[in-house]
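Okay, so chain A shows up in both of these, paired with chain B first and chain C after.
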Partner chain A sequence: MKIRKNIAVSDSGFIFNPLTGDSFSVNPIGQSIINSFQERKSDKEILDDILQEYRIDKNTVEKDLNDFIRMLENYKLID
Partner chain B sequence: MSKPKYTIAVTGLNAIDSPGPGMAVIRSLKDAQSFDVRIIGLSYETLEPGIYMHEYVDKTYQVPYPSAGQEVLFERFKYINAVEDVDFLFPNFDAELFNYISLEKRLWDELGIKMSLPTQEQFEARHKVNLFDYGKEHGIKVPFAKMIFNTTEIPAIASELGFPLVIKGKFYDALIAHTPDQAMQHFNKISAEWGLPVLVQEFVHGAEVNVCGVGDSKGETIGAVPMRKLFITDKGKAWAGVSLDDKKLLDITRDLVQKTKWNGPFELEFMKTNEDEYYLIEINPRFPAWCYLAVGAGQNQIEALVNLTMGTKVIPFKDYEVGKMFIRYSQDMIVDMKEFEQISTLGEL
Partner chain C sequence: MDIEKKTYERPIIKPLNSGLMNKFGTRTEYAPKTHIDGVKVKDLIAEYGSPLFVMSERQIRENMQSAQRIFETRYPKVQFAWSYKTNYINAVCNVFHQEGSWGEVVSMFEYNKALKNGVPADKILFNGPDKTDDDLRTAVKNDSPIHIDHLDELYRLIEIADDMHKKPRVAIRVNMDTGIYPMWDRFGFNYENGEAWDAINKIMASGKLNLIGLHCHIGTYMLTPSAYGVAATKLSVLALNIKKRYDKIITYIDMGGGFASKNTLKGSYQLGTDAVPDIEEYAEQISSALLNAGFDTDELPYLYLETGRALVDSAGYLLGSVISNKRLSDGRRSTILDFGVNILFTAFWYDHKVSPAQEFSQYTEDTVLYGPLCMNIDVVRENVTLPPLNAGDHVVVHYVGAYNITQSMQFISLRPAVVMIDMKGVPHKIKSSETLEDVERNELLPSHLSTFEL
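Here is the complex of A and B:
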């Protein structure tokens, strides 16, 4: 996954899509996932990072991560 | 080198919830770096807020409604010009443009007043009722539309296009109809307000994106800034918007200006579908009420248009700031009855 060109993500988790004018806010986990995409990390690497950082089961993370990615796709924030 | 000072007359002082572009144009003129300006407001109604905004408008004159005809308008300008020596005139209402285009040569030849307007042919060709053919001619997608004079014509169009349909007035207003009954109600409301014909247009799903720009009549785009509305009033007017980085939309705009040799200001209204297709839904041959966003984003197109028309060299804008927002607001002005009395009785303030 790759965050689309020109998408601006601020340190506060504010996202602006200059092509559509849409803006969004994400929480710190969302922000760290987006940063990971910008660093070209794979879905698996991101999953592993979250599992390492938080005490949570793999199935829940997988499901939530997929939901989040679908949402990013839906809003045309990733290619 | 000293700057020239121009006297510029501007209509559209109705800074209301569905505002005319006048006050935004005036603000842009006041921001101009290359000339100083004296603003002459031209009003139709005595309660247009701009009349009383003396920090922007130096003097206001009432002008006759477009329906009074060109001779009456010209006579009024002879009077105004004798007092003010107007250099440039900005008509800002669609409904008044026909008269001003017709008077363009006389206003210049006899009174020395310049304007920058589309030609009568350009004005007519882009009219809502002709827009579908205009799009075909210039290779731009336009939703199919048909003009009607009677509600009995609605069922046939509905069976061809399906619902929803967009019902539009010939100058202003657009309402979405989801059922035949709604279509008829909207027809009656719009025809009562704006007259006939009424336009019935295919509905295109998507997000509305608009472009504010200027063409130089030779095919060059002097400036263009795309915007998406972020907050819309119940009348469909933008109350907030943001400048976009949309190369495809700018390419379509430049292509249209090139092909049509557009002269003067314009607002292009598009629907952008989920498949990233652009459908042109309207061309307004004037600056939009949100044109000050273009100034805020780095393109004072209003200043550029005056310079272009007054014969000063203008370099087309190449850039603008993306993500610049405008947010409209309203406030109550306190006005002396004396001022209201003066504009009401003397027709000038």
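Here is the complex of A and C:
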């Protein structure tokens, strides 16, 4: 998964797409997922990172991560 | 190791639309509802299951005492009668009776419930359009005030009174134009077209009934307090005319119910907490109208009030749990809860306040809240802005004390238990959750249908 290269992501969770003019806000975990995608991490690596960092089970993370990726696709933020 | 890990919150992304209206509205939940009267929501669910209705005895008493104070400081003769249909769990009724409320019932089932609770029969106001001859005979025998709804009832009651050689104490229900829409003209006798005065003349001419009161109930969830002033004035005119024409003193004027609670009506721009009048405003209108109507001081009628919703709605909570989260085809987030419109009937006309029962961050999502029923109509909130909820999280629905437990349906799932938290913060189960045996108790199976092979 690759975040489109011209997408701007601020430290405060503000996302701007200069192509469409759309802006978004993400929560901290959403922002770290986007950052991980920018670092070219795989879905599996991101999932492991989250399990390492948070008190949560694998099924929930997998479900939520898939949903989040679908939303990024929906908002045309990933290629 | 696990202790050092952070609390998980689902990743969310939200488009920012500056300057545009959003049907999900702005965020309204800033604090979780973790405790009810000092008892942890989590503990209540662990002990009594989810979903669960919780009634606060403290809130009922506070509401009742406050309403009494508000009316009694404005008018000298006030009597509340608990509206059984609003919530007739015995424990709830008895808190109202302990606070001095009489009973107000609209069916023989409710009448018997009030009697069983120990309300003296002459302090049970018998309302409603459906009173059978047997019902009327019971009420006449017990000397309960009967509020006559239509002419058929009036004629039947005259015959019954004649037959029983008793003079029942009666009031007539009057409907009228108070300037609000819709006008509730299906109950009682109309004021403007003279029907109410006709009914009064028939009662007085019969000599068989003791007309002691006048009753109205102008609508429900009334947001215009001045309508009560109009109604009280019109009933006062009738009472004064009865005195003038028949030299008969009307001992009470019953203004019925209809005061709004703080729920938000669907389609309302403002939240209920902002849009709904305070009880003081209703009280001011009613007492001013009665005091200025022209009654002699010693003939001032009692003011009866059948307030239900405004006294009990805020004392009821519905606790529930998140079953799952889903993404709808158009991108909206939906959350499936373990309670639906079968037990939260008022979801059809209120945008209920729903609070998470656990801590959450400042991030929110636009969400649709669905119930668990396999039916498309089962929508708890069509749109609400809530923090991300995980499966297993708990939520608290506020202002559900009125009309939900009495109107709940055993449909698809069984009805939950009801708990009351007492003045000391101790929970008591006041109704057990339904069982399969409860539901099947009245079913009968013909013998030829008792077996089958598949």
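Here is the rule we go by: the second predicted complex is superposed on the first by the 79 of 79 C-alpha atoms of A that agree within 3 Å, B and C clash if a C-alpha of one lies under 4 Å from a C-alpha of the other, contacts with A are read in each partner's own complex, and residues count from 1 in each chain.
Here is the rule we use: contacts are C-beta pairs under 8 Å (C-beta built on N, C-alpha and C of every residue); 3 or more make two chains touch, one makes a residue touch a chain.
Not measured: the values here are computed from a predicted model.
A.B. asks: Looking at chain A, which partner touches more of its residues: chain C or chain B?
C.D. replies: After superposing on chain A, more of chain A is contacted by C.
A.B. asks: Based on the superposed arrangement, let me know which partner A:79 touches: chain B (first), chain C (second), both, or neither?
C.D. replies: Once the two structures are laid over each other on A, A:79 reaches no partner at all.
A.B. asks: After superposition on the shared chain, which partner residues are touched by A:8: those of chain B (first), chain C (second), both, or neither?
C.D. replies: first
A.B. asks: Looking at the overlay, does A:24 come into contact with chain B only (first), chain C only (second), both, or neither?
C.D. replies: Second partner only.
A.B. asks: Is A:45 touching anything from chain B or chain C once the two structures are fitted on A? First, second, both or neither.
C.D. replies: Touch partners of A:45: none, neither chain B nor chain C.
A.B. asks: Which residues of chain A are in contact with chain B in one complex and with chain C in the other?
C.D. replies: none
A.B. asks: Enumerate the contact residues on chain A facing chain B in the complex.
C.D. replies: Within the complex, chain A touches chain B at residues 6, 8, 16, 18-21.
A.B. asks: Touching residues of chain B toward chain A in the complex: what are they?
C.D. replies: Interface residues on the chain B side: 207, 209, 227-228, 230, 241-242, 244-246, 322-323.
A.B. asks: Where on chain C is chain A touching in the complex?
C.D. replies: 2, 5-16, 325, 327, 331, 361, 363, 388, 390-391
A.B. asks: Show which residues of chain A lie in contact with chain C when the two form their complex.
C.D. replies: 15, 22-30, 33, 50, 53-56, 60-61, 64-65, 67-68, 70-72, 74-75
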